[in-house]
Amino acid sequence: MPANTFGEIFRLTTFGESHGPSIGGIIDGMPAGIEIDMSFIQGQLDRRKPGQSDITSPRKESDTVEILSGVFEGRSTGTPIGFIIKNKDQQSGDYDHLKDVYRPGHADFTYEAKYGTRDHRGSGRASARETACRVVGGAFAQLLLRKVNVQVTGYVSAVHEIQIPKNVALNKSLIEQSIVRCPDPSTSEKMIALIHQMKEEGDSVGGVVTCICENVPAGWGEPVFDKLNAKLAQAMLSINAVKGFEVGDGFGATRKQGSEHNDAILDGQYTNHDGGIQGGISNGRPILFNVGFKPVSTISKPQQTLNKSGEEITLEAKGRHDPCVVPRAVPIVEAMASLVLADAMLLQQSKKI
Amino acid sequence: MPANTFGEIFRLTTFGESHGPSIGGIIDGMPAGIEIDMSFIQGQLDRRKPGQSDITSPRKESDTVEILSGVFEGRSTGTPIGFIIKNKDQQSGDYDHLKDVYRPGHADFTYEAKYGTRDHRGSGRASARETACRVVGGAFAQLLLRKVNVQVTGYVSAVHEIQIPKNVALNKSLIEQSIVRCPDPSTSEKMIALIHQMKEEGDSVGGVVTCICENVPAGWGEPVFDKLNAKLAQAMLSINAVKGFEVGDGFGATRKQGSEHNDAILDGQYTNHDGGIQGGISNGRPILFNVGFKPVSTISKPQQTLNKSGEEITLEAKGRHDPCVVPRAVPIVEAMASLVLADAMLLQQSKKI
Amino acid sequence: MPANTFGEIFRLTTFGESHGPSIGGIIDGMPAGIEIDMSFIQGQLDRRKPGQSDITSPRKESDTVEILSGVFEGRSTGTPIGFIIKNKDQQSGDYDHLKDVYRPGHADFTYEAKYGTRDHRGSGRASARETACRVVGGAFAQLLLRKVNVQVTGYVSAVHEIQIPKNVALNKSLIEQSIVRCPDPSTSEKMIALIHQMKEEGDSVGGVVTCICENVPAGWGEPVFDKLNAKLAQAMLSINAVKGFEVGDGFGATRKQGSEHNDAILDGQYTNHDGGIQGGISNGRPILFNVGFKPVSTISKPQQTLNKSGEEITLEAKGRHDPCVVPRAVPIVEAMASLVLADAMLLQQSKKI
Amino acid sequence: MPANTFGEIFRLTTFGESHGPSIGGIIDGMPAGIEIDMSFIQGQLDRRKPGQSDITSPRKESDTVEILSGVFEGRSTGTPIGFIIKNKDQQSGDYDHLKDVYRPGHADFTYEAKYGTRDHRGSGRASARETACRVVGGAFAQLLLRKVNVQVTGYVSAVHEIQIPKNVALNKSLIEQSIVRCPDPSTSEKMIALIHQMKEEGDSVGGVVTCICENVPAGWGEPVFDKLNAKLAQAMLSINAVKGFEVGDGFGATRKQGSEHNDAILDGQYTNHDGGIQGGISNGRPILFNVGFKPVSTISKPQQTLNKSGEEITLEAKGRHDPCVVPRAVPIVEAMASLVLADAMLLQQSKKI
């Protein structure tokens, strides 16, 4: 029901359109007494914001978060945390030509089918700008998860056909050194080159974000409908442009036999084909999953489409956009994973009598 | 929170362990006045039940559903529909040797980590037997969806490396003629042969179920956190042994450019790379998704694992099991998809002022 | 949404009509490892069942609860607890004459307005028989609350104009010695005499149940919309025939000045005008509230009403009924209060980092 | 769970403390296309704001609402409506002396018991200032309810012992002509005189708000746990200082016999002892209920209480406060009732196949 609400005990509700005065949200369920590190929260937003490098959209947004409640003398009080992020660099005029057009791959037509109306400026509520609020919520979740030492780390593992080779070990310290957020320098270079090419061609390209959640204790997640993997799947598919989710070996597991896939439960050493979750519950090993993003729908190349009158027209997009969404998607994936884990943590805590 | 509840307006809550007296559930939110076709509901259960062919578990269960409330003179009354399915062929003794053992790939260890205890007989609540209740709930959802002509159809598109070739068109009438529920006869034969081989070897194998939802009107699904694809992802990942979900071109989309992936919105003809959902809302085209299942964890081959005392032991499973879960998973995938769609239908209906 | 579900973390969902094969429910969220005292649970049902004394309905129901899941070797497992209570003494024929009649004070007309249909036998889902499932759920909640020594005690404080005098101290041991569940023997006698008179006259009479919850620690309950008193109010008004709820001094407080009503916070001694809850959160003092029940709508005296064709007719009820509902309502009030408190307990536990 | 969220399909979430930069909220589920009458919304806030007459708190707040999203070209878009109300006349210094004191009748002690901390300035989240956001949410709900002509009207029916005489018919046009919002001029005068006296004495006094909801169609409200009266009860008890709720004859019904209380269902004329709701579902007659408020806890008279060190001290409050809360509570009661009804309206709409 709560289409704009995510989570049960640790809960984020968001509002806001791309071209309104501001976007924002409410974080409900943050336990009291947690130190609120504002520079960490703003830092997460900075990793998502447009204009951070020459492979992202040039829209200029400082994306400064203002906390309106729920924090007192530097700590959470247990009451809801309201926040807003003001929209600044709105060039709403850019979108006038889209008022009566359904852009291919976008939600223009579906919003109108659903609501009978839409705010056409900058995709309105369907804009990926909405995800900034998720990053704020996720940052608060991470402040909570830090208390039990859980670490959530995302990175770009593929852009189009360019993938990190299988034998490359993850070096987390290299992620933020790459503007595409790929921790393997040589793969990173190839990805950046491809994205530059796309930008020049006025086209876009898809990719994969991989996420690893470390130090999650065994026992988090609810079996049956709210399996930890199921909530992660919902969380990830709720991000704009995501078309696929897999945990552990994922679709690779469909091509395996039980005798090679079954994770041994052995002291000292183990395999992790299941990606840290069994029966919907964490088993103490790292939680591993992949999130597949389609190429950004907004491209500058001319495309055929329909307008509201049902006439076929040629569309040439003018708005600012990213040629590849995955570099900026990394903090969004981390945020959504953190929201899922914080909720699971608090729920599990409720059960220990 | 409601770990054993799925859906908001159309809502299924289930209970039951593999080796208790019965499993069952409550369907809440079924509108009044819908004709209840009991033979359809039982027929869906029959498609899921064990022992239906020589490639499924030999456990003998009639899986007869008994409706306890909410239906009067052949029609739904709008009140909750309680139902039970009695467990019959329980061979609990088969599981005595597992009391103190954590089986690889299973939820034995995680349930115990979560709850401090578990019913070890037949995997208890973690048993796939629980999914029979989903099939009942989904069948009621389908009775509702029929009213608007929505059709949900699943089939097996891959077993291990064996896939339906790309150029084969879907012939829905062939699905149920194949015991593996693959509509391409020559692929079906190969799949069945491989499953027989696994059975002989005491091993198991994974696979993929593909699902198509036809005639879903444009406008279903909630944007942002409850996108239609996000709820489908949660629904699918909540099924035992599922490790991946993708909608439309899915992970294939990550290797595409926007100019080739963007679905044209044109009269008469269209592409459907997005799989019928844009911005989280249905666009009127068929909804298409894939669900990846890992190989069944229970195998007869000897495996190394730990017991509760932390000693390494060799496990040779004795319980009855399926060498490949996908043939029986088809009605489960359909059921979960139907639950998602019925909920979306009722919610969308609430909004039209 | 979940009209047949109550609670968030500790959650009861029920089903069943008065004249179906059985009623039942699912308790979700019971922590694992709690000893399940079946005789206590059945004992609570016995306090609610009809035919327990000559002032209650003569319908004969053993009201035997059968647990179908979630309990293993005498303890809760953390998985959902399914249960049923079979209907036995159904005299559905008694209700044939009511098929086309809207009984005054009943839900016949409103169910039909809502659903376009109704199961007219014994009030269907609107029957107070539904509350038996609440008593089961509440009994499980009490088993949980016992762990922290919380005690929930209800009793009849008024029947019609007959009230326990203000100066009589509560002696809990006398409650169950009175068939009307009034702990003051002389008041109890007068109540019983009045109820006998009503029975003879074919009429009915209202009354008040008072409830005291002891040893609730300070800090339970959520401020703002889910205040502990607000959830108790919903819980109580959800019981059939309840028309009023007040906590602490209740409506009496509306006729007071702040200087006399404000509870002193002093060591050793205190007043409790607020009834143990301030700002929606328990303060450690006993929680006190009153629940007002209207007279049972079913009476044998002839009444004028309408039938479905809109004709005015004279109705003479034949079904079996209680001349006064409050004696049997005591365990129902206790059950609903226990469900609210168990949920509050688990939620508060989730917050302690 | 969602302690700061109210409603299922039509849903309000709020945040904000009395002395932060602003309070605000998010309205989710407003159907698209509804004309948003900003002057109506601001007008409802004006009825609640302090300083509106000499019998209310002198805190000066313009209480100007700013809409941040969800409204486009004067109409709702179906997306969440974010709003804020800036706090202006904060005199936080007034509260320094309360930092270590638990005020009698207040939530100071309980918040600290729950959260281990509290924002002591102006009662923080426990301040009635929070209800301004409810008024905004309720005003949007009323804009929706107008579409089906539902009218929600509250008024003050009692202050301390002063009640509107039974034989006085309700003249709705007189309500807003009285600063105490009592539609009977002679009773209104007496109430105002008493409140002035309380103000002089530094004391406070309780009272009753009565509410009537007209033109609610038959069939709204869910039976069993979410009965329309049960949701109204939760809604009302969730308002600060409310201690009692009764629907129809309420506690008066406990002193009646069935033969006098049962509402006749007759053409043309009817009684309405049940207050428009039967079996939890509206019956088409006016919905009538009373809400009892305790005297405001903040008084200027010296009171004995404890500080954090457990020492007994004498407290003399300095903050600004209302000697009687009911005049300003009228729009809050209306708002909460409207939220309940809007939710019931949308939910009922979802069920008509």
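By letter and in written order, the chains are A, B, C and D; residue numbering begins at 1 in each of them.
We adopt the following convention: a contact is a pair of C-beta atoms (placed from the backbone, for glycine too) under 8 Å apart; a residue touches a chain by one contact, two chains touch by 3 or more.
As the structure is a computational prediction, the values presented were derived from the model and not from experiment.
Undergrad: Farthest from subunit B in C-alpha centre terms, which chain would that be?
TA: Between subunit B and every other chain, the largest centroid distance is to D.
Undergrad: Just the number, please: Cα centre separation of subunit A and subunit B in whole Å.
TA: Going by mean C-alpha positions, subunit A sits 27 Å from subunit B.
Undergrad: Mind checking the centre-to-centre distance between subunit A and subunit C? Centres are C-alpha means, answer in whole Å.
TA: Taking the mean C-alpha position of each chain, the two centres sit 46 Å apart.
Undergrad: What whole-number Å value describes the gap between the mean CA coordinates of subunit B and subunit C?
TA: Subunit B and subunit C have C-alpha centres separated by 39 Å.
Undergrad: Would you give the residues of subunit A that are in contact with at least 2 other chains, written as numbers and ranges?
TA: 1-5, 8-9, 14, 32-33, 78-79, 114-115, 125, 223, 347, 351
Undergrad: Based on the touch definition given at the start, go ahead and assign the chain network to line, ring, star, complete or other.
TA: Per interface graph, the chains form a complete graph.
Undergrad: Residue numbers of subunit A touching subunit C in their complex, please.
TA: It is residues 1, 8-9, 31-34, 78-79, 144, 147, 223, 346-347, 349-353 of subunit A that touch subunit C.
Undergrad: What residues on subunit D touch subunit C, complex-wise?
TA: Touch residues, subunit D against subunit C: 1-6, 8-9, 14, 102, 104-107, 109-111, 113-115, 125-126, 130, 158, 160-161, 198, 203-208, 217-227, 229-238, 240, 242-251, 253-259, 261-267, 273-275, 277-284, 290, 292-299, 301, 303-306, 310, 312, 347-348, 351.
Undergrad: What residues of subunit A sit close enough to touch subunit D in their complex?
TA: 1-5, 8-9, 11, 13-17, 20-26, 28-29, 32-33, 66, 68-70, 72, 75, 77-82, 84, 114-119, 124-125
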